[in-house]
């Protein structure tokens, strides 16, 4: 955390290996600076990313979660991202009903060529989350386990 | 009387050998909730009852190993139960031909009638071998109720702020003791090893704490997304009276909204769970 | 973007940029033979932001709005709608090809007639049109061009001197007011909608 | 639609004006076929070409007012025998269906709520609703002498995405009706070509040329009459036929009937009631 | 007990500038399970790798984390290094502290903290890695080619010439495809049949090629290296072995008025026929819908009487044959957009304005090919269909269906510009004084000697080109009135023509979707089969072992189709050059004990790699139903893991335990 005592959100990003991970690599190659708040976990495909992982991320104290993969039609495995899309479409509805803040969960398609988009998305989410403050609501739920 | 027809049919099925066990309703005393009975001898057919206490979804019994061991079943279903039966067949859990389905017309179960009954539109089961109806000249088997009626409670709930909703669920789940009755009675919770019982890794915290309870109820609801047939047995079984129906409704509404799908309404339709469409909505993806 | 292109947008979101200039609109247009600028060229001018040239053409007023171009367009560009938009521009700025002035006068007379009556009073319209056209072109033959038809139509009970008027004419006036502010043919700007 | 149905009726200015002969025959023949027409209460002009040429807002608002009246009065199907009116109403409906903001704005402008529930029909669609069998059964005097060139004009089948009653480029629904009435039809090329429509007064030269082409082609293909379902087509082909003949130095002498005229005749309604005696070109 | 070695790379200044390497190394050394933590200037260099190898052996490491660049850059390098030192290569993980950290975060403190997190996650992951060995898949060195047009012929011959067996399946009674019906070919104007028929004969006689004509693929099982294809041989009613192709049967057949498919409906054939004289095999087939005997069960039978070889067999039935193949090449070709009123696809609306199939003298380009072809129904004389007169004025319209969004097809059919130029030439050469008018939108003549060819049509042969589409065609007094536009002159154009030739769009052949589904190959919105990568894997598909070539992939001309066919054959031969196939072991597996057999994974798997199966006791007694992963097909996307409610599916390299421990490692 930096010395100004500013709240630094913790963001977990679940990304696919073939598009978004490479997009983030490209952001690096192009030296596009963005906030250091994001932690990437690499999956072969967005189709592999289960909804339990989003819950787990919040349990682990994440203030925001990003799920990102290949654009429709670009999936390395043909259709994994379509499965993911349908999953998130329904899952958001459930979370909304539960009153979980949907502004804490972000979904994007970022291709291997979209290094700039990756930097922008991460910057945007970090700033937005900074403004919203820590996700105390879920942290309380997770902490009360003790 | 329906009950007479049921008993007669039960005796006949067993004596003719069409079924080895008839799964129906028994009752300890009038007015008490009916419970499942497994009748294996024709002479026991008069144990069967039929009245507004027959709320249990008997389709849920079919998943049990000990029931499977009894041989070919005949099962009594109401319109709502039948939807679960159709989903079980869609998910390869039963083979329709190996089950004798006795449909019974139902115009509301429970006293007062269960919440689901108000917007019920399958009063007479259709996917049956035999149907027993109150009178021959009853109204149509399927009455269409507008989706607004089905989801009225949900819509009312969704008018609360997200914070109020979360507070509501924290209170609801706060009562959960992780007894898993919701799982036990659910006809579609048939996993041999529930994810809640999995360790290495422990996906869902097993303790009955807010953390574990949120994880469990999110998982339970979402595993039934576009599958839940709306029998509300989970909510009825819950000793803590957690409003599980609301969560089920949320996902049912989403499935109907996005795919025009209602689980177990059409034995021919392809379920949207585990599938995708190129046209799926993605306005939430940046 | 100028207000002018905004009008094209309001006219049913016409995607002029989709046009790839195949000319099928021109090929099928029943009046292309009389036009000074071909329909496809009108769309081209709109595409390039050269509405000023398009609206001064005779073509936009020669167009009979038969929809052939729009119906057959392989890119589903509403070519007839572009013509409408150009006419609106042309009328709004009173910049009309001189030879086409009568058409504008006729249409204005038509709308004015409706504004007052709610429905068209044909006899009145002919009168309005001829008077207005006479003063604008000062042409005696024009004044009497169709005059011979009148008695014939009368004899066939086809012209009614007193057309049945709309009872609630006030709402019609209000609709007109709400639709265009002051003059009878200035289209609303986008932000006023 | 059953044969004893009642539908909304939007005559439009032309049918209440110079094309009152069309109105007479529409009313007479649909009456004979058991369709009751309920004229739209206090309808106003659809705006026609003038509105969409000069003012886009009016081009939606004027049809919107009529559609709103229809909805208010519970009219589900609205017959607009004039294809121009019919198209303007359909386009108004479509513009509002596409743009929710516009629909709300228009509801304010016309002071009535519009949901877009009224289906606008043309005359052919109403005949199709009655059914060819019912029409055939009602025929008293089959049109044995008739060899008609069915003229749809430019607007009747357009826009095709909204009007699916017939093939837009090669329509044949009018032929089907004429044949049901016992008449013959000819195959010709100008079925859907434009006659100049509302430009009769404003742009006479164009109208004369187009009309001449149409009349010539009908004659060349052996038609003894042209059947139209549009007041403007009728004006251009009938009223202006004399001018066409003078301009091109030919004699066409082509009877121009409304579709409802021929239907009425076949059903045994007299020519006067149908307003046929008000046409300019008269039977030889 | 885990003994993990962590190797942090400076990458020169690239990492070290923004990440405090010393601090990282020290902190990492304290992480549970970490046996050694060292850093070096260039880990990927030979001395760097040597250090890794040394430590693996000296510290008996059980896992390796290299904290350096992206795994896309060097994972293979470090896996190889590990393997050399005797550590299973799948026990290597990378922490991407360059692309994802030092290059994008310039605050040293933040970058160092993040680098530590990334390494911590990798350490947790590597602890739970399993030793894996590449999957070996046996390989059948035989190829199946589907489609016997020029692309299929080329692919089959290439593979057969390399010494491998090929089964070639063709739906029609003869191979040859569309090219066999063409007249002359651009840009050289050499006769199509003259160049194709020798290749057809070669296929027919090749010892390595097994030809299945009048046959279709019924079903496909298996996976790369091991396909099992069931082929339906349609009843031909002629014994292919006994028949000598003498022609007595078709010469005697009295049923004459059947529209010839080969002549695109411009000519007739008998009920028993060979499609064209040079057909391969030169054996007839009986049209079961036209033949008197087959329709009624009795009667005629003249062919049977005339056949001295006794080859006619009216009792013939469809036969199913099973072929084994290691690779499949799809070359199913194209068909044309239908100019008749009825369309096979609701998105296509047809060309009412051009008269649908109403005017006899409005024909499509393949029909024109038959009219100009010396082997065609008119013997190569250009006579119009309605009255057999020689048309003095022909209008050619391009882009009919192509590039026409309103009619449902947005793409360019690519070859029409060239063949239309050819058509005008052939017409002008054969019809002195005849006028050829072409309506076009753009002339797309990219290719060797292509533009010169088009210019020749215009400049030397005098074809008149109008830049504009045609709006309507009507018929008057035996003339077709074509109303088009000349947008360059800025005027409408009306031409009175005797015949109109429509250059209609190319579409994928009928039935290709069903075939694609059987093979698990994707297709685009227009039905053309999808390649694996548009630039780098143009003939491969996402189904391993299935290749595509020719017009089933996209509209293309003969040279391109042939080139692609050779490419597909080449890819097949690369595969056949190996002893056996090896596949990445990071694939899914199913825990059969906990699987509830709901088969959601079966429905969802993009590769149909999961099968319904049964668990049996060693004696073969049924225990339960389960899902099972086919190792030959699984590509390791992990979609099944997310779909499985009981988490009975697991993906090697990305197991649930690994992911959860990574997330949990971030909890502080």
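In order of appearance the chains are A, B, C, D and E, and numbering begins at 1 in each one.
Just so we're on the same page, contacts are C-beta pairs under 8 Å (C-beta built on N, C-alpha and C of every residue); 3 or more make two chains touch, one makes a residue touch a chain.
Small disclaimer: the values here were computed from a predicted structure and weren't measured.
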Between chain C and chain D, how many steps is the shortest route if every step has to go to a touching chain? 1
Listed by label, which chains are in contact with chain A and with chain B? E
In this assembly, which chains make contact with chain A and also with chain D? E
From the Cα centroids, identify the chain that ends up most central relative to all protein Cα atoms. E
Per the definition at the top, count C-beta pairs in contact and tell me whether A-E or D-E has more. A-E
Measuring between Cα centroids, which chain is at the maximum distance from chain B? C
Distance from chain E to chain C - Cα centre to Cα centre, in angstrom: 53
Using the average of all C-alpha atoms in each chain as its centre, how far is it in Å between chain A and chain C? 55
In angstrom, rounded to a whole number, how far apart do the mean CA points of chain B and chain C lie? 64
Could you tell me the distance, in whole angstrom, between the mean C-alpha positions of chain B and chain E? 45
Residues touching two or more other chains, restricted to chain B: which are they? 195, 203, 274-276
At least two partner chains per residue is the criterion; list those residues in chain E. 353, 472, 604, 643, 659-660
Interface hub residues of chain C, defined as touching at least two other chains: 68
Touching pairs here come out as A-B, A-E, B-E, C-D, C-E, D-E
In their shared complex, chain B is touched by residues of chain A numbered 51-52, 55-56, 59, 72, 79, 82-83, 85-86, 88-101, 106-109, 121, 137, 140-146
Where on chain C is chain E touching in the complex? 20-29, 32-33, 37-38, 40-41, 68, 72-76
Using the touch definition from the top, list the residues of chain B that touch chain A in their complex. 154, 157-158, 160-170, 195, 203-205, 207, 209-212, 214-215, 218-219, 221-222, 225-226, 246-247, 250-251, 253-255, 258, 272, 274-278, 280-282, 284-286
Which bits of chain E are touching chain C when the two form their complex? 353, 399, 403-407, 441, 467-472, 483-487, 490-493
What residues of chain C sit close enough to touch chain D in their complex? 7, 10-13, 30-31, 34, 61-62, 64-68, 70-71, 84-85, 87-88, 91, 102-103, 106-108, 110-111, 114, 118-122, 126, 129, 145-146, 149, 152-153, 156-160, 163-164, 166-168, 171-172, 174-176, 178-180, 184-188, 193
